[in-house]
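The structure appears right after this line, and notes come after that.
Note that the chains are named A, B, C, D and E in the order they appear, and that numbering of residues resets to 1 at the start of each chain.
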Amino acid sequence: MSTVLWIIFYPIIAFAIGVILLGYGRKFNARVQRRYGPPIQQVFYDILKLMSKRTNISHGWMHDTALVMLLGGTLLTLYFIPVPGFDFFSGYGDFLVVMYILLIPSLGMALGVGETANPNGSIGISRALQMLAGYDIPFALTFIGMAILAGTTNFSEIIALQQAEGIFGWGLMTNPFLGVAALIALHGMMGEKPFEVMVAPHEIATGPMTEMGGKYLGMMMIQHALNVVIELTIYINLFLGGAANWASYLVKLFVLMTLILSVNALFGRFRVDDAVRFMWKVPLVLAVIGVLIIIL
Amino acid sequence: MLTEPVALMLLLSVAGVVLNIILYRLQSLQMIVSFLVFAAMLALNLQLYGTIGETLVLPVVVFGQAMSFAVSPLAFYFTLMITSITLLTVIFSLESLRGKACTQAYYLWLFLKTFGMLGVVFAADLLTFFLLWELMTWGTFFLMQQTGGESFSPAKKYVVYAVSSSMLLFLGIALIHAWTGSFSFREVAAAFPHMPEGMMLLVVLLMTVGFAVESAMFPLHAWLPESYASTFTSLTSYLSGISTRMGIYGLILLLFGFVGHELADRFQLIGVINLRYIVSIFGALTIIIPTFTALFQHDAKRLVTWHGIGQGGYMILGIFSANALGIAGGIFHIFNYMTYVTLILFSIAAVEYRTGTSNLNKLGGLIKRQPVAFLGLLFGIIGLAGIPPMNGFVSKWFIYKALITEGYPFLAISAIIGTLGTILSVYKLIHNIFLGQLQPEYNEIKEVPFLMQLPIWVLMLAVFATGVFPGPILSLIAEIQSSFGLAPVPYTMTGVDPAAGTLDMLVITTVFIGGLLLAWIVFLLGHKRRHVSQYQNYAAGHFLDESIPYNFNYNFYTGFEHIFNPMKKKVIARTEVAVSSLVEAAGDYLRRIYTGNLATYAMYIMAALVVTSLFLKELI
Amino acid sequence: MVNPIMLILIPLLTVFLINLVNIKWPKFSAGLSFLAIALTTGMAFTLLPEVMQAPIEVVIAGTKAPIGINLLIGPLGLMLSLIILVTSLLVSMYSFSYISDERKGMYSGLFLLLIVGSLGMVMTGDIFNLFVFFEILCISSYILVAYQRNEHSLEASIKYLLLGSIGSLFLLISIAILYRGLGTLNIADIAARVGELPPSTRIAAAAFFTIGIGVEAAIFPLNSWLPDAHSSAPSSISAMLSGFVIEVALVVLIKIVFSLFAFAALFWLLAVVGVVSLLIGEFAAYRQENIKRMLAYSSIGQVGLILFALSLGTEAATRAAFLQIINHAAAKSALFLVSGYMIIRTGSYQIADYRGIARRMPVSGFVFFLAVLSLVGVPPLFGFFSKFSIVMAAVSSGSTGATVLTGLVLLGTVVEAAYFIRVLQHFYQREPAKAVTAARSERGAGAESSIEAPIAAMLPVLAFALFLTGGVLLLGSITGLADAAVQDLFARLVSVLA
Amino acid sequence: MSEKLTQRKAWDIVLDKLTKRSLWMLHYCTGCGAIELPPTMTSRYDMERFGISAMVTPRQADILLITGYLSVKTLQRVILTYEQMQAPKYVIGFGSCTINGGMYWNSYATIKSLDQYLPVELYIAGCMPRPEAIISSFTELIDRIGRGEANSWQDYYDNYDFYKKNQEHVFGEINTYVDIKDDKVKFGI
Amino acid sequence: MINEVELMQQFQKEFPESQARIKRERRIEVLLPAGRLYEFAVRIQKKLNFQHLSAISCVDWIDDGEYELVYHFWSYELNVLVDAKIRIDRENPHFETITDLWQPAKFFERDIHEMFGVVFEGNEDLERYILTEWKGPPPMRKDFVSRDFAHRFYHYKDYEPQWLTEMQQHSSGGQDE
């Protein structure tokens, strides 16, 4: 019975956490720029305003289905990541499955944006995919390293292993190289400032979101909120020993978010190929060293 | 003896060849006859399952060995693919080749090639295997140069590669025969372990390189993209679907039929590096390098053929991992790959049928005119990229799981790099053809006729069904593994046995559909939406209309251009040119021996006399 | 039971008859020679069953050794003569329309002399007779090479004449050494008493003999005359020369080496020289622009392959060599005959001018295509089985040296496949060359009309093609004949000296 | 500005109260007033406090600022951008040039009163109004939306012919591929 | 390095019918008859190496019924600006182009064509680019009164808000007419 309840309410809880995290992010950025900054629930207002827009334009049936695929894919990924109290689905798909399901939303968005026939959108998508190739290789290598270390690819088993020895059992502690590499790759995955090549308002008119108005942009922002939660939770599960209870889970979420936001607030944006070169230099080398330590 | 499906199928394909020779000029008759014969063969193939294990010996005796055929589970698995894809290609080309030039011999060579492949797969002895292997490679050669003109030079390059690979195989078979005295697989397999170390290594090397050329493994893959892409697109899909996988069949036969796993590990070089690991490294390189070359192609067909090579790398990685899951993944990937690559190429053919070009820089926005082709390509690319719920994901998951449990991180990461490269180039494919602005000259094109849509619908269903329910195919693969004496893969109807790993495609798909429904509800919460024309688009206040080309197709991944340009040194192409110029130089030099003046000729004779007598003198 | 001597007498008598007939009715000479060959072929076939049991010994009434004709026909001799007769039958049919100028009588006469020479060499049991028939063969081929009387063919035939005469001189020296040493000319006697000769004279005789016959058998250093001779001779004659003349000389060389000078070292030398000439032939052919020179070099290559197979010394290898001889005779003659009419139609020898010719000469294009595939060894055709058995025999002979040489042979096949496919693709190009569009034939004046060879010329070409494809069915009987020939050859084998 | 009284359902009232807190301004500098916007965005005045932030494309924007004089040529682009925006959308006229021609009252090339061509929600007097004036206009706009009175955009749909006639009078026919009348029917405005 | 005085004498000598004078240091003004300008331009570009044509401006002398075209030539070595002035008829203004000598002339002539209506033969690209929708006469001509046009063409709002009148009473500023 509790799993059915979880299945119904878990997306809503995750959405709420995501919105608050994003609002906190905008407040954090404002305060770094010595501005007062919007209220924490600003993102919620934005989403509500977007969803309540009277006229919405779409560029074809694929534009709509792609948006549905975008949000649907993210919800799918949400269910497969174990969270304290709810890891029912992770018995049916390990983190290899999660790594691939993560690609469904980006593919969905890419198709939808392609359908809008706007070159800004296409350039945005081509940059997003190049960035994907950039950060996903070190990220995947850290996954594999942890899997070989733990001997299994199942999420809940990895968490159980880490929690067995308390704080020193965390992925970050047992293999710091992989932990740090994954952190940098996570930064790229979140699309935060130095690697924010996709939504580059000054260069390509908010990239993929150029032609997304009204409820389309609303759905993308909902997806972005959920995505933030997913990515952070993956990192927590693999490297910060998962979360025994919701309190430690929320604390870890906010600490990690602050860490990323602090980097985001200070940096300008890389060019695409420089961002990818950076991703294939620093985190990849760290990950390789980490993996070598494990297998030798 | 002749009623057995095996004999009937071989007989039918030969009958097909003869019929097509007779009906050489009448294309419509050829089409109907070929369709019927191939349909009959597929029907026969389904009965084949019952007769696994039986053998058929032909009275033809060559060099003391009667040509014998046997139906093994692996043979059934491959014939299932061969007959189904040939039938689909024929159905597709019934419509797409109507009225095209130089297609008289199209079905003739198709039958010859099918006969060759069926023979190779059914062969129970090395002689039949090699005889039909040669026939098959020459069949491929003739299929490749159907469109005349610019398809000749790549076909010639293929001939050189194919003939040298079959010569290597020939030498290997001859050595095996010299040692074991007979051709049939059973005796060879029995006598193989007792072969002296050096000779066995030589034979295995020869055979592996021979099969590697045919399955386009990394350093020997240069012949594939140009020659597959320059013939009719329906043939491109047929060739890249099944033809290159005969090399993989050969590798499976060699590795599991003769050498067996414990022997493969015996060639220890340093530590963990043994023959299997070296071939896996080549497999990994086969995944990475062709996939990232595909990224920069400007022609849809070449892009997909480059991926053909890349996906071959997954199969090699799977087969050469000594883990039940990996081997099952490799073999399953052959089936998956065939389904979605033919689906992609049929969609590209549908586009080319209507627009006349497959140049990625000239197309765009065709989703509005050819939705079925779009859906086909969409399912195909999701499969090719290996994203759930399509079948590509399942076999890739098997391979990754095996590589991780066996502890090969760098092979696993090369596979993932391959997947990422695939996703990038695959999106470029669907974006440049179907998305973006519709060019004014393609305004009036319509959807392709039904006969061309049928294979696309069938393959879409196949890609999705085997993705969600991989059970039946996995059961067949388990049978194959046990027929070779390997541990069968622990499979369930919808994924992997929970003990061996956590994958249940049915649950993943249902949750995905649930997520889609939820997203659809959120979509409906907002107000109504309206479809608008493609010219109502944000262009910084600029007015858009037909005259302004507003597409971003050319040089799609500029970032990667900067990164990879210095690395593009076309090493393979340069080595090829070096080899051919070496042969030409040798030809020139040797030609000069015949100088033409008499004195030198007489001098040659005297020298020969002196040499022979000296040679004989000190030897007596 | 017809007396084997008739096989030689009938063509010989017809030669004289032709010279008489030629004075009044020149037209009939070609018909007469065709009839004579047909008759001889018939008789040869009737001899077949009887010869299979035991070789026939024929001695002409007690005449002294050097003059009298002493024949010894075994399965080997008969097999070769069958090859000679069938090929020349088809070629003479081809030359009805191919040779149409006034010197037709001389051509037919020499044609028959060439056949007499080769038949005699194959059947003779007496070493001096061997020399006599060898001379007949060489002289008739010198003149036939010069038949076209243009500057190129005259120069080629002079070279061929001089080198050939050096060769026959060495042959005569070797026979003289043997005769002085053993006093007898009969091969069987020599074989029996050759042990008595001191080793040095025996080696000298062997060396002279090998080089003597070697010139005609086109072994590597001695075949410098072949490219010019075969390319400048009329196509029908080059078909005959490549078809069986070189092979006959080669088999006779091996027969004598087997029976008289069976040194292991000689076998190795011949094997290596065989592979070297294969590689040289293939590589040189790769760069050829003139179609007949290319075919000539390809003949050098193929002869090298046959020599390599013969000199392996095992029964399986020799049988495979005989199969390859049959395959080469059929395929190479077909190629030469087809290129003959291509040259006449387009008026040029260069392959570049034949672009797109297959569209206008469909049948010859198809036959060329089949013959090439058979030479390269593509399965359903006859060539595959011969090459397959050669490689199998070579590798199963066990010695690592043989395996390495087989590797080189396979490399040669790859090069051969490369240049033949290049020529084939050239024929099937879509847009024809100027020479091809300009070509006209009696069949029609239009640019698209077929410029196919006349029926009389097409029949033999189709017969060869039919043999190459259908030959597989009668593979059983052919190998049976080849086996008998191998037994006959090995019966003579003297204990192999160190 | 037509005082169309729509019967507002309870949900609309709550919605207006919430969505007034989030307005996105189209950063489209048509005239000399655009230089006043950076100070309003940055730390001294920080309009993000009210949930207003600058957006690049018309699809995502709610507020269209006409900052200063509008030549005939720019008016075409402004109308195209306005029609590409999603309703509800608000036009704010900066400075006296939009009110009655301002400094260029006698020029042959600039339009004199903005509301002939676009339904204007708010005007900000001044030649160029300072950031405080801009902030006060934004707060005024937020209150209006809260009270549900900011529906000048419906006026564009209601009497589109009036606007269309004036526009064609000034620069003749343009094709923005947006069919306002059809949108009115489709979206039921 | 020849200075302005010698330069002026050279002009005087070669173009007797022109009046050349030095306006100030490094500035020379030459009044030329219309026909001689092209010759003058060739002379000044090729011989005296005046590479830079900085502008072509047009002055509307409505009283004389003439346009005055002023060509500003500049030389980098001599650091001297030469203004060649010619007069053309105002009603039917025609003049030949000098785009073959200087590329930028294309743009200046196009601007003058749009604003003053002068037709330059030989300049093939005289299409309008600023006032794309303008249907009226060339606006810079003196006989075109912008204010009357504006009042006739555009709609003004009768705008007498109550607070404006109060402000005017208290304010010290002058009345706005």
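Rule of thumb we're sticking to: contacts are C-beta pairs under 8 Å (C-beta built on N, C-alpha and C of every residue); 3 or more make two chains touch, one makes a residue touch a chain.
Remember, predicted model here, so these are calculated numbers, not experimental data.
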Pair of chains whose C-beta contact count is the highest in the structure: A-B
Core chain by centroid distance, with centroids computed from Cα atoms only: B
Separation of mean Cα positions, chain D and chain B [Å, integer]: 60
Averaged-CA centre spacing for the pair chain E and chain C, given as whole angstrom: 97
Gap in Å, rounded to a whole number, between the CA centres of chain D and chain A: 36
In chain A, residues with contacts to at least two other chains: 52-57, 205, 210-211, 214
Set of chain B residues in contact with two or more other chains: 527-528, 530, 532, 536, 538
Chain D residues counted as touching two or more neighbouring chains: 57, 59, 76, 183, 187
Chain-to-chain touches, reported pairwise for every pair that qualifies: A-B, A-D, B-C, B-D, D-E
Touch list for chain B against partner chain D, complex: 527-528, 530, 532-533, 535-536, 538, 541-545
In the complex with chain A, residue positions of chain B that touch it: 364-365, 367-368, 374, 378, 382, 385-388, 393, 397, 400-401, 404, 407, 409-410, 412-413, 416-417, 420-421, 423-424, 427-428, 430-431, 434-438, 495, 498, 501-504, 507-508, 511-520, 522-523, 525-532, 534, 536-538, 540, 550-552, 556-560, 562-563
Residue ranges of chain D in contact with chain A within the complex: 15, 18-19, 21-24, 42-43, 46, 48-49, 51, 53, 55-57, 59-60, 62, 85-88, 183, 187, 189
Residues on chain E engaged by chain D in the complex (per definition of touch): 130-134, 136, 139, 144, 146-147, 149-150, 153-157, 159
Complex interface listing, chain D residues touching chain B: 28, 57-59, 76-78, 80-81, 84, 174-178, 183, 186-188
